[in-house]
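Structures follow.
Each of the next two complexes has chain A plus one other chain: chain B in the first, chain C in the second.
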Partner chain A sequence: MKIKNFFYSQKVAPYVFVVPFILSFAFFWVYPLITAFTMSFQDIGAISSDWIGFANYAKLLKDNVFHIAVWNSVKYMFFTLVLLIPFPMLFAVLLDSNLVKAKGVWKAVLYMPALTSVVISGTLFRLMFTEYTTGQMNMITAALGLGTYKWLKMGWSGMLALLILACWRWTGVNMLYFLSGLKSIDTSLYEAADIDGASGKQKFFYVTLPLLKPTTVYVLTISVYAGLAMFLESFMLWAGNSSPNNIGLTIVGYLYKRGIEKNDMGYACAVGVVLLVVALIINFAQLIINGTFKKEED
Partner chain B sequence: MSNQKTMAHTPKRMIGSVLATGFFLILSLIIIFPVFAGLLASFRPGKELIRRGLSIDLNLSTMNLDNYLYLFGGNADSQKYFMWYKNSLLICIISVAVTLFVCYFVAYGLTMYEFKFKNLLFTIVLATMMVPFEILMLPLYKEIIALKLIDTYVGVMIIGICNASTIFFFKQYLSGLPKDLLDAARIDGCSEYGIAVKIILPLAKPAFASMGILSAMGNWNAILWPLLVLKGAEKFTLPIGLNTLLTPYGNNYDVLIAGSMFGILPIFVIFLIFQKYIIDGMTAGAVKG
Partner chain C sequence: MKKKLISALLCTSMAASLFVGCGGAASNGGVDPDAAADETAEESAEDEVVTNTYGDPNGTHLEMWTFVELHAQHYGVMAETWNEEHPDQTIEITCTTYPYSDMHTKLLTALEAGTGAPDICDVEVGQFPNVVEGLDQWLVPLNDYAADYLDTMVTSRMETYQGEDGNYYGAPYHVGATVMYYNVGAMSEAMGLTQDEVIAKIDAVETWDDYQALGEEYLSSVNEEGKYFTCVDTGGVDWLWLAMAEYGDDWTGGFTDPANVQLDSVKNMLTMQQDWLKSGFAEVSPDGHIDLEAGFQNIMDHNVVSFPKAMWYMSRFTNYMEEEAGNWYIAKCPVFEAGQKCSVGIGGTGTVVTQQSQNADLAATFLCWAKMSEEGEQHIWDTLGFDVCNAALWSDDSFAHDDENQYNSFFINYPYDVLNDIGMDNIGKISVVSISPTINEYLCTTTLNEVLEDPSYSIDDALQEAQDAIDMEQ
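Let's look at the complex of A and B:
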């Protein structure tokens, strides 16, 4: 009888349903997050670990390689925001208009890069950005009379390669986000704007853009994280975690190098904490400026 | 009068239409290029790839099926490749099945009942999305070692089972279903768990399809965490295995390029069949914010 009550109790059931989440949350989120903080104040050895206070952080302040990694990640994030928000948005608006034929085909093709593993796309892009004259990038620049470059050996061109790879992979994904945002805009608003004699440009700036804001903020938020935490693209483009003069080194790349390759977990965790703090500050600032928190209070 | 007006607009519209469609055609060609060139390269010797890079030379006389014949030839490389393929499939299928059911039940509990910590728990679900995985990576790695799950598939899969975005999507979907169904089933003598499994789950099939495909894509292409957890070459997943073929000397490029192209295949097929569900699932969070 008691067992039967258990199965039929509406008081107990919700807790049973959410137990897996609570366990997973405790073991694979709270615990590692706290450990990341505590480890960042320690010198982690094979047998014992010592508390060393802020020594890891003090070392980070003076670590030039870490500064390069932070600068690369921040630059990469900034340029991905510049390239991967306005353009996909415009593409989505264009694709949503009735001017374009065979919409389904373009949507599928533009999404396709997101399906390929970074291992594969990184390899393909490495071949295209090779320093030899047979690489596609060198063929293009040579045809334009700009000569050939050692793309993956110089700072600016290495970053360019990373950004082109990012655009290739994410333009279609972000475009789909904006397309679904556009679908949720009431078409009667455009009809009303038409009656008022609004031009296409006015409709975009006074109807589309403000109503797309939730989508834009969402894409912005995930792009900030994805940009700052980028690692695998660089790892694959340079076939490993080392690039000439660290031109492709990112914050997570440095975390991986210190923690996994050099087994200095404490120092690597300090790198991770810095990443978390930077990511949270940028995103909270961005969300406050965009009024996301205010809206929820209304 | 209005007829005349549309007539006057037609040529202009047609030019616009041609330009806009042409724009997407060019964009699509650029996007397809690397994969298309990779596909062509897979029909040429690996040495050619090192010497000439990717090329879209369509000269059929230089192309042959040797790489694929070698890949499917049953030799040592071929056996290794299909072992990785099988491992990836295994991890992918188990992981997706477990993730979907667990996340469905969690979302079900968070949607269908009123209880004390409901809102707090949902806030926590969303909060977990605010911390990039890479920060938890090293402590998780130590934890998995301590739990003796290193170099096991359980170690690869366990951390991603309760996935916040999957829970979020299921919750969005379940919120749209009428709760009267639950009361009706209760009157019929159904247990709380019976309702979740027999009444509501069948109604949530489209959500399962969306999340299943997205989760399969994520699992099939996962690199970072399996790279840390899996140590033995016999346990590698396909991306990790392919990564080991990336030597600077290029002696494995025959297998690498053909294997890469054949590795994209399952995901492409799934995508082409279930395209609609993928877009639904992916964009669920973006509209409501």
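Let's look at the complex of A and C:
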């Protein structure tokens, strides 16, 4: 009887349902998180590990390569935000309107890149951006009379290649987020706006945009994280973790370099902790500014 | 309040997934192309875990891990042969192929934990310092088991997989001897000579000065823009290794000395390369080094007609540049001063036996037999296409001059004739120690880009910068 009571209890049931998540969360997320934090204060050796206090962090402060990695990741994150929020939003609004024919086709075409493996698409982009004359980008620029470039050896063009890859891959995904956000906006609001004589522009800025805000905040949050944690794209584009003058090195790339390539796990964990702190600061700041933490008004 | 909770959860899970995400991303990366590039094309990473069991189900069971499925098949075939020859000592071997970084991480974790490691495991040369750090607490010294073969094994290659205590811990697949590849077809066409005349000129090249003279002769007869005699790498240090082997230098300092990149051998090589770039004798390899798609295309377009590379580069020709069959000739590398060593072993994978093995004795005996005996080497050459380490076979006519072999028929001369000509004692050694990744990485990302992309850049300054960066790590 007691067991039955237990299962039928409205108080207990929710906890029972979330137990699998809490357990896997604790084992696979919280535990590694805490271990990584403690490891960042250690020098991890083959046989034994020593506590070395803040030495790893002190080294990070002086480490120029790490600074380059942070700067690259921040730049990449910033430009992906600039490119991957307004444009997908615009495409979503267009697809939601009556201006576009064959909507299903567009959705599928834009979403398809997200289904391909980064390993494959990264390799293809590497071949497109090769400095050899037969590379696609060099064929285009040569045909336009601009000459050929060493795309993946210069800072600006390397970043451009990364951004083109990111836009190609993520535009469709973000557009779907915005589309689902648009679907949840009550059409009667637009009808009311029509009756009040609002123009298309006014409807977008005063109805669509404010009501899309929860979606925008969500996309912003995951984009900040995704931008800072980018690694595989750069790894594939330069066929390895070493790019000329580290133009393609990201924070996670540096973590991989230290942790896997040089087997210096303690230092790699310190890099990870810094990445975590940077991502948390940026995201908390933007969530506070966006009012996500304010009490619900209704 | 609810929103606050959700936001907090969102942030925590995001934070946590940053760490988890890192591991995930790394393993998705599969292979480290730098490492893979040092191996043959067959040695590309497998994305999936593949497990196969070979041999006698009633025999002693051995576990084996690798990151290249072809390697696993090698042990499979060798296990069958072993069982036929040793009916009283049969084995069953389970080979598991993991992605590159997964396998090395798993192995290190198992060795550190003291449990869970396989009996036998492949270790890529770049990862070897991490694994050999545990010396005989982790690994079984192979000295006694390899003793029967050591006389004819290329010493420098065995030493690559030595531990700090001087024991041999890894069994090599190949020498990876650096040789010079020449496009005799293109050269004879441009220079208006017969193939034999060009080959005679190539064979007469002994020093880099001779090499340069030959190249200038070729370039003056071809007289076309975009044609060079060779290409130099910004994304690889093979040229510098060759220079160090010639002078007997080693920038890692081995196990005892601190690393030092400000060596005369390195300076001489870089100075020569800068001169070549200024005079139009050489170009910078498109995309950084010749072992990439753009490099293959460059070769097929006959924009460069000679370059030094390890023997395993032969498989790039047969896999990616089939139409070049019959054009290419393999020769010794030039040296700075007559009498120097003219080759160096590059890349590789050493196979280890772990102390955790219940049957370490049998595992080590089998491993050394599978990788060093004539049967083993024959199979390595036929299926993996590596220049085998057991020099006894180099002069074996049925082995080295077998026209059925794809490499023997692809190139103008027999590859093993070149190895015999070089001689096993003239192949220099690459030290791989814990500072090695740092040196390679700094040179490939920064130094070589500085001095070769801008041939007027001061080599001394660039090497000083590199030394400063390396000193921070040691």
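Here, the second predicted complex is superposed on the first by the 273 of 298 C-alpha atoms of A that agree within 3 Å, B and C clash if a C-alpha of one lies under 4 Å from a C-alpha of the other, contacts with A are read in each partner's own complex, and residues count from 1 in each chain.
FYI, a contact is a pair of C-beta atoms (placed from the backbone, for glycine too) under 8 Å apart; a residue touches a chain by one contact, two chains touch by 3 or more.
Keep in mind the model is a prediction, meaning the values are calculated, not measured.
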Item to check | Superposition on chain A - do chain B and chain C clash or fit | outcome: clash
Item to check | First, second, both or neither for A:Trp71, with chain B first and chain C second | outcome: neither
Checklist entry - Regarding the shared-chain residue A:Trp51, is it in contact with chain B (first), chain C (second), both, or neither? => result neither
Checklist entry - Once the shared chain is lined up, is A:Trp156 touching chain B (first), chain C (second), both, or neither of them? => result neither
Item to check | Of chain C and chain B, partner touching more chain A residues | outcome: B
Next on the checklist: By the touch definition at the top of the document, which applies to A:Val119: first (chain B), second (chain C), both, or neither?
Outcome noted: both
Next on the checklist: Quick check for you: in the superposed arrangement, does A:Phe205 touch first (chain B), second (chain C), both or neither?
Outcome noted: neither
Item to check | Touched partner set for A:Val252, first chain B, second chain C, both or neither | outcome: both
Checklist entry - Counting only touches as set out at the top, which of chain B and chain C does A:Phe293 meet: first, second, both, neither? => result second
Checklist entry - Is there a shared patch on chain A that both chain B and chain C touch, and which residues make it up? => result 25, 28-29, 32-33, 36, 118-119, 127, 130, 132, 134-135, 225, 229, 231-232, 236, 239, 252, 255, 259-260, 272, 275-276, 279-280, 283, 292
Next on the checklist: Touching residues of chain B toward chain A in the complex: what are they?
Outcome noted: 13, 16-17, 19-21, 23-25, 27-28, 31-35, 37-38, 41, 49, 51-55, 102, 105-106, 108-110, 112-113, 115, 118, 121, 124-125, 128, 130-143, 158-159, 161-162, 167, 191-194, 196, 217, 220-221, 223-224, 228, 238-239, 242-243, 246, 248, 256, 260, 263-264, 267-268, 271-272, 275, 278-279, 282-283, 285-289
Checklist entry - If you look only at chain C, which of its residues touch chain A in the complex? => result 1-4, 7, 10-11, 13-22, 25-26, 28-30, 32-34, 37, 47, 101, 104-105, 108, 111-112, 126-127, 129-130, 133-134, 137-138, 234-235, 286-288, 292-294, 297-298, 434, 437-438, 441, 444-446, 449, 453, 469, 472
Item to check | Touching residues (chain side chain A, partner chain C) in the complex | outcome: 25, 28-30, 32-33, 36, 45-47, 62-63, 65, 118-119, 126-127, 130-132, 134-135, 150, 152-153, 221-222, 225, 229, 231-232, 235-236, 239-246, 249, 252, 255-257, 259-263, 272, 275-276, 279-280, 283-284, 287, 292-296
Item to check | Residue ranges of chain A touching chain B (in the complex, touch as defined) | outcome: 7-11, 13-18, 20-25, 27-29, 31-33, 35-36, 39, 91, 94-95, 97, 99-102, 104-121, 123-125, 127-128, 130, 132, 134-136, 168, 171-173, 176-177, 179-181, 183-184, 214-215, 217-219, 225, 228-229, 231-232, 236, 239, 252, 255, 259-260, 265, 268-269, 272-273, 275-276, 279-280, 283, 292
